[in-house]
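Two complexes, one shared chain (chain A), two partners (chain B, chain C).
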Partner chain A sequence: MSRVVVVGAGIVGAACAYYAARAEWDVVVIERDQVASGTTSRGEGNLLVSDKGAGPELDLMRLSRRLWLELADELGRDELELDEKGGLVVASMPDSLAALTEFAEGQRSAGVVAQPVEDLRSLEPQLAPGLAGGVFYPEDLQVQPVLATQALLAAAIARGAELRCGTEVLGFTSGGGGDRPIGRPLRLRLGDGSTIDADAVVNAAGPWGSLLGDAFAAPVPVLPRRGFVLVTAPVGPRVRHKVYAADYVANVSSGDAGLQTSCVVEGTRGGTILIGASRERVGFDDTLDPLVVRRLAAQACALFPFLREVPLMRTYRGFRPYCPDHLPVIGPDRRVPGLVHAVGHEGAGIGLAPATGHLVTAMISGALRSRRDPRSPDVLDGVDARAFAPERFASAVTS
Partner chain B sequence: MTADVLIIGAGPAGLACAATVLAGGLAVELVDAGHGPGGQYWRHPAPGSPPDSAPGGGTPPGPLRLPRGLRGRGGHPASDDLHHDLGTYRALVARLEEGVAVGRAVTRFGHDVWSLTRDGDGWVAASHDRGAGTERRSRGRVAVIATGAHDVALPFPGWDLPGVFTAGALQALLKGNGVVAGRRVLIAGTGPFLLPVATGLARYGAQVVGIHEAGDPRDWAAHAPAVAQNAGKVWEGLTYAAGLARHRVPVHPRSMVVAARGAGRVQSVTVAGVSETGEPVAGSERDIEVDALGVGWGFSPVIDLAVTVGCRTSMSWSGPVVEVDDDQRASVPRLFVAGETTGVGGATLALREGELAAHRILADLGRPPVSTEARLLRLRVDRSRHKAFAAAMADAHPIPAGWASTLVSETVVCRCEEVPYAAVRRAVVEEGAGDVRQVKQLTRAGMGWCQGRVCEPACRGLVRSLGARSVAEQPGQVRSKGGRGDAPTERLVALPIPLGALADGEVVERSAM
Partner chain C sequence: MRGADDTTTFQFDGEPIAFRAGQSVGAALIAAGRLSWRTTRVGERPRGIFCGIGVCFDCLVVVDGRPNQRACLTPALAGMTISTQSGTGWTP
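Our next item is the complex of A and B:
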C-alpha cells in the first residue's frame, strides 16, 4: 500500500484524507495544533455558487456541491449540520440590480439556478423596505465546518487512516527525485524529531501553506487575508437564508490589500445571527479592529433594521488562504515530485473541500498507477484541473 | 479628549489608582459598568431603582422583604453594615468626587467596555453607554485594567433549578438589591468568602441551615506563617465566626453539595462528605430541606480586555491571570493591571495594587511622587503578604478533585446552549477535544450569552480529567495531543453592545475622518 501524508487537519486536509483512505491509500494526517483549529473554525461554513461567475472555480464548486450531498447521505446530514438554506443576493439601487441581473444570466448559462426576486420581503420578511431587488440561489448551502471536519476524519480513521496532532512537518531529508509527479518516497522530518516516509505529501496547510511550500523549497504564493465575523445574541429564526449585498461579489474578487467590507447576514441553528465578512491583507496580524466591527454592524443594520436592537455577543477573526488570482492551488508540484498542493481556497475552502480531496486523490492515484505519464488528469468530473495547477504562477514569473 | 489615565473598573483597585494619580495632578477617565463606584466589593443599591426588585427565580416562597427598620433611603437597606472597611471606600470616593469637581476626573458609570485597543501611543476604550444607548470612546495616554473577578460555578445535578445561586450572587442581591434570596438557605462550596455571605443573610433574617465547606479549615495550620502575618484577615474571620455563632449557623467541614432537587424550584439539597482525595463519600449522603442554595467555588479573574490586547497571562489556581511586574505593568507597553485581574486575593490586595500602579504611572508621566519611599515599601510588603495569604487560602480550599463525579449524563454543563455532560464527555473522550475551545466547537458549550464565563472552569476541568482517561481507554481514536491547554479563552467582545450603537459609532468615525 502506498502512503500519503496529509499536512493539516482542517476541512481540506480532512477531505483529502477521506477520499485517499477510500481509494485505499495508507493515510497519515499530521496537524501541528488540533483538528479544525485554524481557518476552518473561523468561517461560516459556506458553499456558495451565488458569488462565482462562470469558470473553473464555479465548476469545482458545483462538483463539490454534489459531493457534499453524497457525504450527507453517507456520514449523516445532522453530523455535518448540512443545511440547504439557499442564498439571496440583494441590490439596493437599480444600477446595482442591473449589474447583478447580468451576472446571474452568465451563471444561469453555466447551469446555476438563479431566480430573480422582485418581492424580497416574501423571502425575507425582515429585510429593509425600498431595496431594488435581488436574485435567489437555492443551491447555496451550509455545513458546520468543525463537525464536518471531524466527521470526515472519523470516516477516514474508520478506513485505517491515522491522525497525529501536536507535531508539524518541518521538511524532507531525502527522496522525491526524478521527473515524475510521484518520485521516490519522501522522507519527512517532523517536529517531534521523528521521520516518516511518504509516496505523496499533500499540502493542506491553508494560509500557512506558503510556509510549508518554503520548507520544501517549492514556494506557493498563498497569503493570509483577514476576515472578521460578528455573532449576535440569539434572536430566533428571523433570517431564513444567506443574505448579502450585491457588492460582496466585487469584494471577493478584488485584489486590493485594503479593508473591504460587505456583509453577509444569516441565521444559525442556535438562533444567533452571523454577520460576515471583511477582507484585508494585513499578514497574520490578529489585532481587534473595532472599525471593521462597526462597519459590518452598520451594513447589517442597513439590510435588516431589527438588528439595531440586537446585541453583538462576540466576534472572531481568521485568515483566508488567498492567492493573487483567487483560485486555489491544487495539483502536483513539479519541483518536488511527490508534493501535491491543496491550498489557497480563500473564503471558499469549506465549500470546495470535497472536490479538492476528490481531485487530489485522483491525481496521486492516477500518477502512481501510470508512472510513465508525468501529467495529472486534466479534466475530471467536469472540472478542468489545469486552472488550479501550481505551475501557473511559475509561468507567470518566467513569461 | 485624551485623559492621562484611562481606568477600566471602579472597584477597590481602580478607585485606589484613580485617587492616587489624581493626587499627583493627572487627569483621569474612569469607566465602569456599575451605576456607581465600588465594584462588587462595595456594591451599593442603585439610586432610584425600585426597592426589593425580585431576582430571577425569586418566586414563592420568594425573597424575604426586609423589615422597615432595616431599609435605608428609597426603601433600600442601608447596607452599610454589610460592608467592610467603608471608611476607605468613602475616602476614595471623596477624592474622586473632588477630581470631578475640579475638572480633572471624568466618570462614566453604566458603561460596558466592549473593547480596548491601541490609539497611537495610548489607548481607546469603546463602551456601550447603557443609559443613552450609544457607543462612547474614552482615550488615555496609559490604561489601567481593573476589571475584577466573577464567581466560579461548577455544575451538579439540579444546579440549574431556580433558587440555586452562586454565593456571590446571593451577596450581590443582598448588597445591591436588598433581597434575601430565601428563608432557609444552605451555603456550600469552599473558601473564606462563604462566611460573610452566610452572616449577611443570617443577620437579615434568613435561616442559614449550614455552611458546607468542602475544605477543612484545619488545613490552615499548614500555612501558619502566611496566616499569622495577616492578623487583619484572621480577625475578620473571627468576626464572621462570632456572627455565625450568634445566628447558630453550623459549619460542616469536608462536606459538599452533590445534588439539588425540587419541583420548579429547589426544595432540597443532598450533601455528602468529602474524602481525602476530594471525592464525595458514598453512603454519606443526606437530604436537607431548603428554599435557596448558594454555592461558591471561588473567583475567576475577568481578563478579556487584557487577553485581546496581547498581554502575557499565566495559569493560577483561580484560572488564567494577567502577568504583571513589580509596578503592576503588563507585558504590553503603557498598560497596567491591578486587582483580581492579576490573581484573586481580595479587596485589600486590590487597593495596594491599584495604588502601586498609580505611583509608577505618576513617575512614567513625569509627575513628582505623592508618597514617601517608606509608604511604597509598606505597600509592596503588604502586597506580598496578601498574595501569600491568598495562595495559602487557595491551597487550603481547593476545588475537590472529584467534583465531576456528581455529574450524570443529563446534567447541563452549559446553560446558555443547554449542552449536557454527555455531549462534553463525548467530545473529549471520543472526539479527542484537547482544550475548551475544541469542546466549544464540537458541542456549542460556551457559545451562548455568557460566552463560557460560567461553564468554562467546568469544561476546563473536564478536559483535564476526562482527557487523561480517554488516552488510556481509546488509543488510536481521533486524538489531539495538541491543544492550547491552559491558554485563556479569547473574547474580543468583552461585553455585549447593540449593533445599532456600533453602527452609529461607524458614522461618527467616518465623519471624524
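Our next item is the complex of A and C:
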C-alpha cells in the first residue's frame, strides 16, 4: 500500500485524508497543533457560489458543492451542521445594484442560480428599509467547520488513516528505501525526531503552507490575510440567510494590504449572529484591533438595525491563506516529485475543501498509476486544474 | 412607603434587593442569597454568575426592559427594575 502524508489537520487536510483513504491509500495526517486549530476554526463556514465570478474557482466550488451534499448523505447532515440556507447579496445604492446585477448575469451564464430580489424584506424581514435591491443565491450553503473537519477525519480514520497531533514536519532527508510504485519515497523529518516515508506529501498547512514549502525548498507564495468575526449574544432565528453587502466581492478580490471591511451577517444554530468580514495583510499579528470591531459592528447595524440593541459577546480572528492571484494552489510540485500542494484557498477553504481533496487524490493516484513524474492533469470533473497549478508562480518563486 | 431603603435597593422580580454603592447587580444578588436567576435556552438549566468578569454571558438579566444585560458588569442603581430572563430575551 502506498502512503500519503497529509500535513495539516484543518478542513483541507481532513478532506484530502478522507478522499485518499477512500482511494485506499495508507494515510497519515500530521498536525503540529490540534485538529481544526488554525484557520478552520476562525471563519464562518461559508460554502459560497455567490461571491465567485465565472471561472475556474467557481467551477471548483460547484464541484465542491456537489461533494458537500454527497458528504452530508454519507457522514450525516447534522454531523456537519450543513444548512442549505442560501445567500442574499444586498446593494444599498442603485449603482452598486447595477454592478451586482451584471456580476450575477455572468454567474448565471456559468450555471449558477442567481435570482433578482426586489422586496428584500420578504426574504429578510429585519433588513433596514430603503436598500436598492439584491440577488438571492439559493445554492449557498453553510457547515460548522470544526464539526465537518472532525467528521471527515473520523471517516478517514475508520478507513485506516492515522492522525498524529503535536508534531510537525520539518522537511525531508534524501529518499528512503523500500519497494515503492514510483521512484523513491520521501523520508520526512518530524519535530519529535522520528522520520516517516511517504510516496506523496500533501501540503495542507493553510497560511503556514509557505513555511512548509520553504522547508521542502519548494516555495509557494501564500501569505496570511487577517480577518475578524464578531459574535453577538443569542437572539434566535432573526437572520435567515447569509446576508452580505455587494462590496464584499470587490473586497475579496482586492490585492490591497490595507484594512478592508464589508458586511457579512448570518445567524447560527445556537442563536448567535456572526458578523464579518475584515481583510488586512499584517503578517501573523493576532492583536485585537478595536477599530476593526467598531467598523464591522457599525456596518452590521446599518444593514440590520435591531443589532444596535444586541450585545456583542465575543470576537475571534484568524488568518486566511492568501495567494496574490486569489486562486488556491492545488497540484504536484515539479521541483519535488511527490510533493502536492493544497493551500492558498483564502476565505473559501471550507467550501473548496472536498473538491480539493478529490482533485489531490486523483492527481496522486493518477501519477502512481502511470508510473511517471506527477504532473497536473488538465481537466478533472469539469474543473480546469491548470489554473491552480503551482508552476503558475514559477517565474516568481524560482531562479 | 418610600424611605431610606428605596435609595439603596433595586427591584428584582418584584422584590427589593439591597446593595452597597459600587456593587454590581450580580454581586448584590449573590449577597442577597440568590445564586441563579436565568435558565438556559435549550435545557432550562439554572445559571447565575460563572466568570464574573463579563466574558461568559451566563448571568444575563433584563434591566429596565433591556434583555441580555450581564449582571456581573451592570452597576446597581437605586430604583432599577430587573427581571429574570427566559430564552434569548427576544421575541421573534
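In this section, the second predicted complex is superposed on the first by the 382 of 399 C-alpha atoms of A that agree within 3 Å, B and C clash if a C-alpha of one lies under 4 Å from a C-alpha of the other, contacts with A are read in each partner's own complex, and residues count from 1 in each chain.
We take it that a contact is a pair of C-beta atoms (placed from the backbone, for glycine too) under 8 Å apart; a residue touches a chain by one contact, two chains touch by 3 or more.
These numbers come from a predicted model, not from an experiment.
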Simultaneous placement of chain C and chain B on chain A, clash or fit: clash
Partner chain(s) touched by A:Q126 [first = chain B, second = chain C, both, neither]: neither
Chain A residues touched by each partner, larger count belonging to chain B or chain C: B
Chain B versus chain C as contact partner of A:S2, first or second or both or neither: neither
Chain B versus chain C as contact partner of A:P311, first or second or both or neither: both
Touching partner for A:L291 - first (chain B), second (chain C), both, neither: first
Which superposed partner A:A233 touches (first chain B, second chain C, both, neither): both
Among 91-99, 163-171, 307-315 or 343-351 on chain B, the segment whose C-alpha atoms clash with chain C after superposition: 163-171
Footprint overlap on chain A, comparing chain B with chain C: 233-234, 309-311, 313-314
Residue ranges of chain B touching chain A (in the complex, touch as defined): 114-115, 117-118, 126, 135, 308, 310, 417, 431-435, 437-438, 441-442, 444, 447-449, 451, 476-484, 491-493, 496-500, 502-503, 505-507, 509
Footprint of chain C on chain A - complex, ascending: 233-238, 271, 309-311, 313-314
Complex interface listing, chain A residues touching chain B: 31-37, 41, 146-147, 150, 153-154, 157, 162-167, 230, 232-234, 270, 272, 287-291, 293-295, 297-298, 300-302, 307-317
For the chain C and chain A complex, residues of the former touching the latter: 41, 55, 57, 60, 66, 68-70, 87-88, 90, 92
